[in-house]
Amino acid sequence: MSEETLSAGSRTDDEGLLEGVGFDRILLYVTIVGLAIVYLIPIESGLVTSIKTSDAVGNTQPFAPPGPTGATVESWTFAFDALAQGMVNSLIFTVPATILCAVFGSMAAYGLTLVDWRGQVAVFVLFIAGIFIPYQAVIIPLTQFWSNIAMLDHRLGLLLTPRFATILELIITHTAYGIPICTLLFRSQYKTMSWEMIEAAKLDGASVWRIYKRIVLPLSLPMFAVVFIFQFTQIWNEFLFSLTLIGSVNDPAASATLILSGLGTSLEGIDYPLRMAGALLTALPTLAVYLLFADEFAEGVRV
Amino acid sequence: MKRLVAFLRSIRDKRRVQTDGGTVTERSSTRSWLDSDFVQSMPFWGPPLVLMGFFVYAAIGWNFLLSLTNYSGFGEPDYSNLTLSNYLRMLEDPAIWDATRNTLVLLVAFTVACLAIGLVLAILLDREIRFGRSFRTIYLLPFSLSFIVTAKFWQWMYNSQDGIINQFFGLFGFTPDWLADPRLVLGSVIIALIWQFSGYAMVIYLAALRSIPSEQYEAARVDGAGTLRMYWRVIVPQLKPAMVSATVTLVLFALKAFDFLYAIFGGYRPRQGADILATKMMREGFNSSEWAYSSAIGLTLFVLSLAVIAPYLYTEYKRGNL
Amino acid sequence: MAQTKLNEVTKVFTEDDGNEIVAVDDVSIDIDDGEFLVLVGPSGCGKSTTLRMVAGLETVSSGTINLDDRVINETPAKDRDIAMVFQSYALYPHMTVRENMSFGLEESTEMGDDEIAARVEDTAAMMGIEDLLDRKPGELSGGQQQRVALGRAIVRDPAVFLMDEPLSNLDAKLRAEMRTELQRLQEELDTTTVYVTHDQTEAMTMGDRVAILNDGTLQQVGTPLDCYHRPSNLFVAGFVGEPSMNFVDMNRRTEAGETVLQSDRFEYPISDELAADVDGSSDLVLGIRPEDIAISDGAPTDAHDIEATIDVIEPMGDENIVYLRFENDDASLETESMIATVGGMRQFESGQRVTAHIPEDAIHIFDASTGEALHNRRLEPVESEPPQL
Amino acid sequence: LTGEDGGTTVEVLHAWTGGDGKRAQQALFDAFDEEYPDMDFEDEAIGGGGNQSLDQTIATRLRNSNPPSSFAGWPGANLERYGDALGNIESEVWEEAGFEDSHIQEAVEACQHNDGYSAVPLGSHRMNDIFYNVSVLEEAGVDPESIDDADALIEAFDTIQSETDATPLGMSLKPWAILQTWAVVMLGTQGYQAYMDFINGEGDEEAVRETFETLEEMLSDYINSDAASVGFTSVNEEIMNGEAAFIHGGNWLAGAYISEELTYGEEWDAIRFPGTEDMYGLHIDSFIYPGENPTPEDTATFLQFIGGETAQVAFNQYKGSIPTRTDVPTDEFNPYLTETIEDFNEVSDKPPTLAHGLAVDQQTQSDLEGVLNDNFADPYDVDGATEGFMNNV
Amino acid sequence: MAQTKLNEVTKVFTEDDGNEIVAVDDVSIDIDDGEFLVLVGPSGCGKSTTLRMVAGLETVSSGTINLDDRVINETPAKDRDIAMVFQSYALYPHMTVRENMSFGLEESTEMGDDEIAARVEDTAAMMGIEDLLDRKPGELSGGQQQRVALGRAIVRDPAVFLMDEPLSNLDAKLRAEMRTELQRLQEELDTTTVYVTHDQTEAMTMGDRVAILNDGTLQQVGTPLDCYHRPSNLFVAGFVGEPSMNFVDMNRRTEAGETVLQSDRFEYPISDELAADVDGSSDLVLGIRPEDIAISDGAPTDAHDIEATIDVIEPMGDENIVYLRFENDDASLETESMIATVGGMRQFESGQRVTAHIPEDAIHIFDASTGEALHNRRLEPVESEPPQL
């Protein structure tokens, strides 16, 4: 990360001036660094453990790296074999669902914000409330719907293998439940967009659709980035839909999180290096996305 | 979408030709209806609303209907005989009460702790820290992880022999089994969840802190307040809206803790003391095929979250934030 | 270019709680082809709402708006052939200046790319922004952005320009500059323009005519000097001019055939000619502009000379603003006060007794109850000014 | 909607993904392939969370009317949960292959469902053996043969505790594991009849309470400290490497020792849980036949194979279980299993297992596990657990 | 109440990229006890920075700030006994007016609750906001908020008031009102006050003295009229007054013993007395305020009469702003122009030829290279004004 400081004009207190570069300041940094260590420890411990042999796990401190003899990438290769298919599946449904969520969210937010009509708040409330639905309240009808009514694997049996039918279910499900939050994110931006600018475009002769395409869409590209990042992590990390719609770890459509949930618990006993490797491997895409776009992410999660 | 409007227009045009002599106002009112923002904006919010509405609101309605049946096992639900018996059954099920109590404890403890820790983190980072962004990234890092990943990490953290936590407490000769002891297990779960989400609260607070004009800080200082007093009396009270919105979101994360519990306990049944309504619901449904009963629990959960969200939405609406 | 007519236009907003706000009330204005009309009035008087109805951004509650002979009430904004310049400029931040200017042509005309490009270049040259064409608005200064906003409106060659406080985001210096430039442009283009402002200077200097609104209703439409010197009512008299006109409540009485106006603090005889104007009412308001009050040291020599005490002097350099207090023996009555402006080099002291001359030629008289102007000042142009030191 | 997509493939689901189970199922399906090389056959191992993933997959597919041809599962009361979703193979399999006569009566009864047959038994685990690490017992000087009642067992635990570093009783406090141990303690201390009364819902509260008291005595002092969080398989590793002395479980444990190539009698051994010497704790693995079967005829063929001698020998010798058929020669089986088979034929009572679907239906079993999870997984609340057990059966 | 001294105070900001910005450069001002000092200057000249250093919100890079005899450079803001009024008011939005006003007393004094309450009530009564005490800032109008902000400062009875453009968020009318009120208050309280503004009127009318900053350096400190009539340099002359002083570049030459200033367009003989003032330099700038230029129809009669053409007239009602163009035969040279203000009733036409009289008494002369004022206008107070029509 850069050396940029957080921009906050004159919030340092100058009270420490008399004591030189204050004791306060040192204490502050000690606290911050200490907390950072606390926040990093579980991940760090996971990382070092993942490259330990099972002997080394017993012999070394959980946060200490293994010695040269205790190091192995076996867990990683094993985890990779177990998870590769799941990661591919996750990617296949996460990417389209993310894009769809963003597109629908942007459209809905535009329709509800930049076009002025009565009652939009009521509709918007429906969207917002959708963010806050506990999935337990819809999961049974959802599974019923997919398995007894939609039955994509039967209906689209000629077009799609069961694996892709399941993935299509996941795409649609994730899109539907992702729309509300995306709408909110876009709306928070669109509300700050200059109303006069939209009116200027109207007077310039642009229709509602053209205004969206030529003014609003280009201006929301940064927000699209935020929504992509946010939604990508959300969908990639999601578990409940995988658990209920896919059903089994062995299903060819199993997602990474689903496979991870069962990883390392097999009859051979609890294999912590394998679990850690699997966890890190599963987290890799979101961690990467997040570390690359940390600032956008931080700005974006203000729900 | 455009075609739809064009089509409607063409109908209108035809009708105008047919009637041939509709008054100006009639014509123009149809026209202005088609040109109205409502109609014009519909293609934008309509499809997302239908898709989302079906999966959210229709599903909840259906769920309610299911909760009135006695659907279980492998058959089809029978909608002909709807009763509240599942809700009565909940009242009599001691496990429900335990789960409700645990859900509330989890909700409150987790939310309050996240808010408090998030606030401290935000204030620390608000004080012109070098590498402030990097620290923010670190504190927020766990938020990018899946519940499942977090569960794996903390399973290891909490491992009664080799885990870091007991390595540490072992120094004091105190090595409880964090995930097994019924008195500790809920706390252990909450701590792991705090680790994952306090960074989120921090980000919300940071944004709010940023939006407080620096004049507020300066005015307080000129008024003679020291740093702590300044934050406590002037700055923190102004974070109330941020706190409310963070609370709502944290509550929802807490309601989704099922994923975490499932992963860390390796199944639908958490250790005693850590069962929440979400796990109970999933267990009744997907483990025992008691679908109707499970639906009733799900709906209860929905009502519970509604109790949190409705006031929030209402005040947001009142404040004109929607 | 077009003639624009507002016929009894009214706009009622209904708030969420059902309250109705009459933002514009029965306003009729004819705007001639090529005219520059300035719309002024206090904040919230309905200036923007009026403009936005003309633009088609607000619906009209009742009345009609005509463009030439066409009623355009129902025409959507995009089809009205009207260009608007906003206070915030409302430039499209993601487009270059060129794209900003082309946008309207692309959306509202069938012109080819070459033609559009040519027109944009021409207009840019006219506005002196040809060097900026490939920059984005974020890279421009306030004045340049304002020029682009104007250019964007001009390039479309619309029937009417609407401008809503277009200069209010600029600093004083730039504002003066752009004001002159705008005037020059409007003269050159000769496009009908409606210009909203709350700036006295802009109102006085830019418009062919000024329309003064208060509380949604039209108070007066006329040339700037008309409104300054011949206000149709108390509101206009008080609104136009800074510092504003002094008002004194007066009663009319007739004494030995002579009409005298009597306030709490002084009396003011008026000529028969003037008395005829105010015949009908007895509760009157006398108005006099600060610059028309002459102050001297000597004793009163004239029936229109009134003794006064100087309360405060605010020296502005070029002039002094003098606060006068009129007192008489009856201490129970409130004091009356007036503001006068005198040359910057003259010296007075606070508390000094002076004589204020209120020339009959310069006074305005209003009906106290209706606010109607009953008599306005004489307008006899001064051809030459006596040497001033 | 009879699984058009499956077409003619016979799809069989099971959960034997690792260790002895994996080897056993390979042997089983290899044998099947050999016998029916032309059949379009596919077996699918669904692991993870014990049987949980498999159960869930089955449940989903049955609900979706997309059942597999057959799947591995427990017969007995466990079948009740599937309701009408199972088919009847009385004539196609049972009568045609004459299984009613060739299998033990308990297995025959367990496979009955809805006035017909819906499953075919594959093999049986014995649930009332307690296994031990021979060298640990020798080090402690405990003679396993001398343990003749629960108190003696606890005394042995005590000796091991004081004489060695090993954990006396390796235990996982997963609810199902407690349940299986609870069942054997009840059988050992309260006798066959009390147990049968209990599972039939006529249990004597005192008997239940005493069982819990005995169990508490064993669990509260003599088990590994991480029992609450570890799984059963990792506990067994402690037996094998000498960190623990005794372990109670089905004789799939033997399968695990066999596949680790440990020597019976020298490295590991087993005794009957004291008090159950004349019993065989009955556990049965079977293949279940779903209704709306995608491949009814081929499935019948498969199930006839399962109930046959070839399959039972191929599978059970590796799994640590024994055939449910009464007519199988023992020569392929190792000495431990051979002894077990002999016992099987001789004992007077074969109480059905409580933790593996035979004794009570799945909901009851789940409720009992819930009671244990909530009351008897450290701390041990005898009253609460007793009450819970009495209420839930 | 206290005397405040700035001794060679400098503030250097170091930006992230290492650039140094000298925001305040070696500024020394003595502010007397009870004085009202107005700090003016163009945007970015360092006004706020100066104020914030006095408040203790910004460290001082070099130099010292004294409060009475104490150097307060290192004293934290909270211990300085200084109250500040911010442009944005900076009221605490979550506290009622009463709490806002009590806050400072609670934090900085040992007063008991009763005493605080009493003082808050008193101050509120003085400010006329006693009815608002239980409202929150969000429920107050701009003017009321401003009053609360002032009240919050006043209630603490500090040694020094600092105000950073406190009125700039108010509309014109309210601004004028609050300006008078502030003046009244300051006279009443007699507390040393430093007041930052960029408003000409406030600068001219409120302060005992005005300090004019440009680019971080102090240009002049003096009474408002001093700065208006006796500017110490070109910057001050141009900055103070609106419309600003006319400047013409001139060369000095001596012709037949007489000193003449020569511009591109006209020449201007000066008296010997004045010539003595400008002796040293030959590149000069002549300055004349718009109100000092007299315009007449007749032909030039005087050496200081210059023929000019009227370019544009902006009638403002009370006065006309006349743009004059000076031309001579040499068309290659750029035209020179001046702005003059004349009475509102006089009538001119665009294009009219007139004579502009530039009285020698009223001119300022500056050194073109250093900008120093070499000669300022004569100040001879006009005692009485000729009657004006």
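In order of appearance the chains are A, B, C, D and E, and numbering begins at 1 in each one.
Heads up, the rule we're going with is that contacts are C-beta pairs under 8 Å (C-beta built on N, C-alpha and C of every residue); 3 or more make two chains touch, one makes a residue touch a chain.
None of the values given here were measured: they were computed from a predicted structure.
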Exercise for review: Find out how few touching-chain steps suffice to connect chain D with chain E.
Suggested key: 2
Exercise for review: Work out which chains are contact partners of both chain A and chain E.
Suggested key: B, C
Revision key, fill the gap. Greatest centre-to-centre gap (Cα means) from chain E is with chain D
Review point. Of every pair of chains, which is linked by the largest number of C-beta contacts?
Key: A-B
Review point. When the C-alpha atoms of chain A and chain C are each averaged to a single point, how far apart are the two points in Å?
Key: 57
Point to revise | Centre-to-centre distance between chain D and chain A (centres being mean Cα positions), rounded to whole Å | key: 42
Exercise for review: Could you put a whole-Å number on the gap between the CA centroids of chain A and chain B?
Suggested key: 14
Point to revise | Sites on chain C at which at least two other chains make contact | key: 76
**Study point:** chain A: positions in contact with at least two other chains
**Key:** 4, 10, 13, 15, 148, 207, 261, 265
Exercise for review: Could you list the positions in chain D whose residues touch two or more of the other chains?
Suggested key: 49, 56, 63, 231
Check your understanding: Which bits of chain D are touching chain B when the two form their complex?
Key -> 49-50, 52, 55-56, 59, 62-63, 81-85, 173, 175, 225-229, 231, 362-363, 366, 369-370, 373-375, 377-379
Check your understanding: Of all residues in chain C, which touch chain A in the complex?
Key -> 55-57, 76-80, 82-84, 86-88, 90-94, 103-104, 107-109, 152, 156
Check your understanding: Across the complex, what residues on chain B touch chain A?
Key -> 1-2, 36-38, 40-49, 51-60, 62-63, 66, 76-77, 121, 124-157, 159, 162-164, 167, 195, 199-200, 203-204, 206-207, 209-210, 214, 217-218, 221, 226-227, 245, 248-249, 252, 255-256, 258-259, 262-263, 266, 277-278, 281-282, 285-286, 291, 294-295, 297-299, 301-302, 304-305, 308-309, 313, 317, 322
Revision key, fill the gap. Chain B contacts chain E in the complex at 213, 215-216, 218-226, 229, 233-234, 237-238, 240
Check your understanding: Where on chain B does chain D make contact in their complex?
Key -> 73-75, 95, 98, 159-161, 177, 179-182, 266-269, 271-272, 286-290
